[in-house]
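Contents: one structure, followed by commentary.
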């Protein structure tokens, strides 16, 4: 037990990887065994994450379950892990979504072993980002997540997968380039990559310092601005913030269902997490300075994302654009907080951040659910064209019910999770960015419009004759997969305190 | 005012150079060979003028009697090769003219740098016979010229053997000639 | 430098020369009495005889602490002479072995006897300390070689080679001799070690000395086939019986260098800077011309001829350095070059013996036909190209080192750039050998014992000089020091 | 009396004529003869120097004798080679003796 | 008296190579087994050398020192420090795996392995040399067998041209450097070729500035520095698989290492003076190399130009002249060596089966040779500098070093990462995934066990270094510290 306590994060982090290696030992033809092993293995980190959740002490400041080991001494980087109230929900979300994604991938027939192994590898990558307390390690995991995703889209995606995966890869790598350079610069200037040390040093770095011998003639402020934007762009691409979002619809549309789930559910959060973990603490001044611009982008993402979503005829694309829309709220919250932190409006800022973090979690649930459901219908109809679907409610009533429930959560219906987080964001941002917030509420209306459009096109209207003979109903495995998501949506909707408590403690400490 | 010896010298020099010139310009090889003999004889005259009578004798014996005659023999042997009407100079003979003139010019220029060239001949301390004896002794003295003397004989022998080998019609070459 | 007067023990010093003379006589007699097929016997007799003399030289010919002038100053007994003698004897023995059944050579007794006489001439060239002796020694070397080059009377190319070699040799030696006569005239002495004293005294104008130096250099350049007195080399190399080509390209060239080193260093210190510059220019031109003209060659013997011209250029770099190390590097270079070139020619001889061609294109498929022979050729050509761990690399290294030491950086660069051109055409040959296929690949090339012996000795020597160069270098430095 | 320079210049002239002949003539025999001229020039030099500068030493004369010897040997060998090539090729024009390119 | 480990490492290959020549030519099996034995010994001993290196002790270890040519102060002097011991190990690995993937060579395997082993001796020799002459000696030994290996066993279309070009380029470079080496020797007045002696010789600043370019660029030719890099892709492409592995994997490091060891360490002032130029050229290498790689249609040319690009990073690392950068460059040498060996091994496996390397004509190979596909993907990720693989571990400090010396270069050079990602993924996608062309279906044989072992070893190392950089970084850092001790403060 002591071992478990001491190395909990490492165990969570690497158990999927170990599972992936284990999978490779199973003969490739034994599909069923591979699937089961993958599922069981993915439950291990989930179990551990639950343990983590309950063992985590919300009231305690700072990072918990910290581990540190030698990794790359030569450049001052170490294997340094730890979690706080922002990362714990993310860890939980990740470990929860992965088994579900695996479960939904039962229908994959092609090269199952590699598929499952990549999924588990992906999980390790994502978890690593949420746990790292070392910039270099952060970057390592940041990039590691990229490759399995690329191959998942590239290999198991649909028609236009090569284009989509390539676009995804190049966008993200180009984005991380700036991140890489900025990290290097920070590392050089600080002589260490340890996040805790850097957070103290870097943010207080001022003009009087000689910048640690960097041969840069630019003013320190300019340098920090450049580094700030390098970070912002990298994360913005990942989130994605308008106008860096164009990779996302393609990637989502072409990815396999489980891939989309993870992509929307977790990967997008990496960017937002980066904002919270790195940008705000490291660049408070710059963040404040540019917060207005960021807020504007967020509003544009919300409004334009919603409009774009509305305009889609492809069900999956519709859901994909909704991610842009929803993540806009996260960014709005962050922008508001960035502007307000340390001022009189700090309380509003805390509120907004709380909302943003919760929105990350919630969007993870609802987007994953939506993609799952899109996948279900695509599985049966082999089309995602809204105009070819329709009137499915009578044919597949259970499916219809679940879809409506999930869509409502996504829409922000009070009583479900989306409402709570969006309300918090809006409430927190209102005093800070009143105009933006107002505009984004207009966006909310359009959100309602496109969600309802989707529901209407799929479930109602005249039944397309084609589907008559088909078995359109959702099956048991899929229900099992979505049930936990629905449970959590409802839970947070009615009783958000259990999770907000955890988030709030940390946010208060960090931004209060 | 020229002394007698000087006149002798100049006349001999004129003849020698003329003969030498004819050697290198004459179209007929036979003529050239004869002019060569004339040149060699001219040089022998200078040897005499230089109190080296023995060398003059050797010049006549070795050069005129042996070498020049050999050359004439070979000229006769090979007379079918190049007739008088054939071109005797190669295409770049003008370059040879330039080269030779340049050489002569620079040699003379070189000599102007040497003051001792104006020297008069010192009187000889020995008579001709004594000198000859001295020469003979020097050639067999282990502390003087015995090695060159011996080597020269080896060289002559080797050259002789070699010349015979080369000049003698080989068995194979004869066979081939018969075939062709 | 004083001249030691004769003692009976002095004879021991020239014992090798005396034995060479004896050997030549024995060979002549044996050659006359033996049958026409006595080639093999004579070959071994000559080789063993030369080896015996080599051993005698090593045992008794070692110079003492100080250099001595003997026989009235005709000869100088020093390390320089000793080293070169050993080298010549070695090459001659190898040549004798390689000549075992060279085609088109009749009168084998005379052939070997002339070979021995030429060797005698060379060993005298290396030790001559008097212009009279030197001239005689050069001619004693050259005249038998003229004959040997034209020895295949039934072969048009051979006779042509003989005549060309002769005409060039006689002309250049006449020019050199004229220079000698002037040297004698303006110093009053024929001993080259006393010449320099006269030159030093300042009695003679530098212009005059320079002129004489140029005249003398003409003759030496012919012997080492330096540009512009190299014209004979390709034709003679191609036409002469191949073992003789090997002999001319190695021993004769080395002898030329022995004379060049001794003479230039001893006689012309007064105009050091000038003649060194001249030699530097000649070295540059020689290397470059040799290498560039080697590029288009299609006949392996001509290729090696041009390469040997180029190698003379490299070796001259060491002379330009004008230091004891530079001189040592020349000697070392020659040692390395000689064993390497013999190996190369041995392969050429063996190949021509079986295939009857010297054209490079015919070497296609050699590596499959006779991998061992191909490997020897590889080793030899790479050594010529200056690749370690072979003799050629170290040799070039020392030469360039000497140039750099003396500040002749540009010359060193010219040298290395030329080495690259050289490598290029050696590789072109190797490409044919290793890359191209031919229809005769299944017909191996016979390697008789005497040839095999030469190949083995040379390859071992190439490797030994290349890897363990210290003793050879010590030897070279000792030799060089005896000139300073 | 005759100054030494007369002899030396005469020698130089003879030598230069020889050089011209050796370089310009096409006939191998003619070249051989030209070379003999050059050797004679050398001998003239040697003897003159001996007479004027070191009459009490034999070196110059020994040198001249050696040159005689060598000249004889060279002539013999040269003529033999000329005969040899004439027998094969029926020509002694050096330009035509060009089976191998220069 | 300790066992002369390094000497054994150095001379094992050549001894085995020479003995190979005495095997009967047709006994292919015995020849291969014998070759593998030799390679195993070399690998085992280089592993031994690597892991017995005592970091606490530092400095040069396993030193052997014998006079060679005492008259000139030349000695046989070998030893390893943190900088070169990974390279020795790299050579051992590449040699071993090279033999494994060459199992199928049927044309004169005796000569092939013989020459390959002579080459290996040259490479080992350069890495462990502590004597300048000895370094040149082995350097040249390493250059030449390459010619034969490429010309004889290479790709028929370009092999003659490529082999010649390669050899001449490298030879030119080395002889130019040689002159510089000689100048140092004589200028030092120490009368010794020992690198230690020359390090302490105290050359004047002008001398160093004058001679540095000769020495550095002379060697850097073999390191593939722009604009004298273009021998390298041609050579890579024309070479047979094992030779490409050796060539890109090890030989280019020989050049880079020598440029560091002789150029920078002996002439630090020169290095400082010329560093901007080198940085500039190497940046061109990195970016231009990547760019050219991305427009190639020949599989092997892609890898060839990627080597140019990656070796540019090594040189960039050197040119930073600071501890981090040089450490990174040291790791990059090792990492790139293994990576590119792996890539060429896979390319060779594909080519052996498809007989074409035109990327558009290939496809779907992962189905028939999954291991090769995965190995190539791993190598590709390394090449992209993907974290978790050795490439990241190597490139990161290089960029950090650049930040300390020339931030703008860091930013420009980083562009190559995106380009690299692009072309690597394109190649992977086209060759290993996608639809297999009809003419290959059913004709492609799976790879054999020897190949598998080789691929697993190489990819294993890449991952090992990537996840646990401390297995190599402290070593290299100690070596880089030695460099810095000579170069002086950053």
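So that you can tell them apart, the chains are marked A, B, C, D and E in the order they are listed, and the count of residues begins at 1 in each.
By definition in this document, contacts are C-beta pairs under 8 Å (C-beta built on N, C-alpha and C of every residue); 3 or more make two chains touch, one makes a residue touch a chain.
What you are looking at is a predicted structure, and each value in this text was computed from that prediction instead of being measured.
K.L.:
Which chains are shared contacts of chain C and chain E?
P.N.:
Output, common partners of chain C and chain E: nil, no chain qualifies.
K.L.:
With a step meaning a move to a chain it touches, how many steps does the shortest path from chain A to chain C take?
P.N.:
Minimal hop count between chain A and chain C: 2.
K.L.:
Could you tell me which chains make contact with chain A and chain B both?
P.N.:
none
K.L.:
If you tally C-beta pairs in contact for every chain pair, which pair wins? Let me know.
P.N.:
Pair with the most C-beta pairs in contact: B-D.
K.L.:
Average the C-alpha coordinates of each chain, average all protein C-alpha coordinates together, and give the chain whose average is closest to the overall one.
P.N.:
E
K.L.:
Quick check for the class: compute each chain's Cα centroid; which one is farthest from the centroid of chain A?
P.N.:
Centroid comparison gives B as the farthest chain from chain A.
K.L.:
Quick one: report the Å distance separating chain A from chain D, using the average Cα coordinate of each chain.
P.N.:
Going by mean C-alpha positions, chain A sits 103 Å from chain D.
K.L.:
Round to the nearest whole Å and give the separation of the Cα centres of chain A and chain E.
P.N.:
For chain A versus chain E, the centre distance works out to 41 Å.
K.L.:
Taking the mean of the CA coordinates per chain, how far is chain B from chain C in Å?
P.N.:
So the centre of chain B lies 30 Å away from the centre of chain C.
K.L.:
Provide the C-alpha centroid distance between chain C and chain D, rounded to the nearest whole angstrom.
P.N.:
Chain centroid spacing, chain C to chain D, equals 26 Å.
K.L.:
Send over the residues of chain D in touch with two or more other chains.
P.N.:
Where chain D meets two or more other chains at a single residue, that happens at 8, 15, 18-19, 32, 48, 53, 62, 66, 69-70, 73-74, 77, 80-82, 84, 87-88, 94.
K.L.:
So which bits of chain A are touching at least two other chains?
P.N.:
Nothing qualifies.
K.L.:
Pull out all the chain pairs that touch, please.
P.N.:
Inter-chain contacts occur between A-E, B-C, B-D, C-D, C-E.
K.L.:
Note which residues of chain A are touching chain E in the complex, please.
P.N.:
Spelled out, the residues of chain A in touch with chain E are 70-75, 136, 139-144, 146-147, 150, 154-155, 162, 166, 169-170, 173-174, 177, 180-181, 184-185, 187-188, 213-216.
K.L.:
Which bits of chain D are touching chain B when the two form their complex?
P.N.:
Against chain B, chain D makes touches at 1-10, 12-21, 23-27, 29-30, 32-34, 36-37, 40, 43-44, 47-48, 50-53, 55-56, 58, 61-62, 64-66, 68-77, 79-84, 86-88, 90-95.
K.L.:
How about chain C: which of its residues touch chain D in the complex?
P.N.:
By the definition above, chain C touches chain D via 131-132, 135-136, 139, 143, 146-147, 150, 153, 156-157, 159-164, 166-167, 170-171, 174-175, 177-178, 180-182, 184-185, 188-190, 231, 234-235, 238-239, 302.
K.L.:
Which part of chain E faces chain A closely enough to touch in the complex?
P.N.:
That would be residues 324, 327, 381, 384, 386-388, 392-393, 396-397, 399-400, 403-407, 410-411, 414-415, 417-418, 421-422, 425-426, 429, 433-434, 468-470, 473-474, 476-477, 490 of chain E.
K.L.:
Which residues of chain C touch chain E in their complex?
P.N.:
Contact set of chain C toward chain E: 367-368, 371, 375, 378, 382, 386-389, 393, 397, 400-401, 404-405, 409, 412-413, 416-417, 419-420, 423-424, 427, 430-431, 434-435, 468-470, 473-474, 477.
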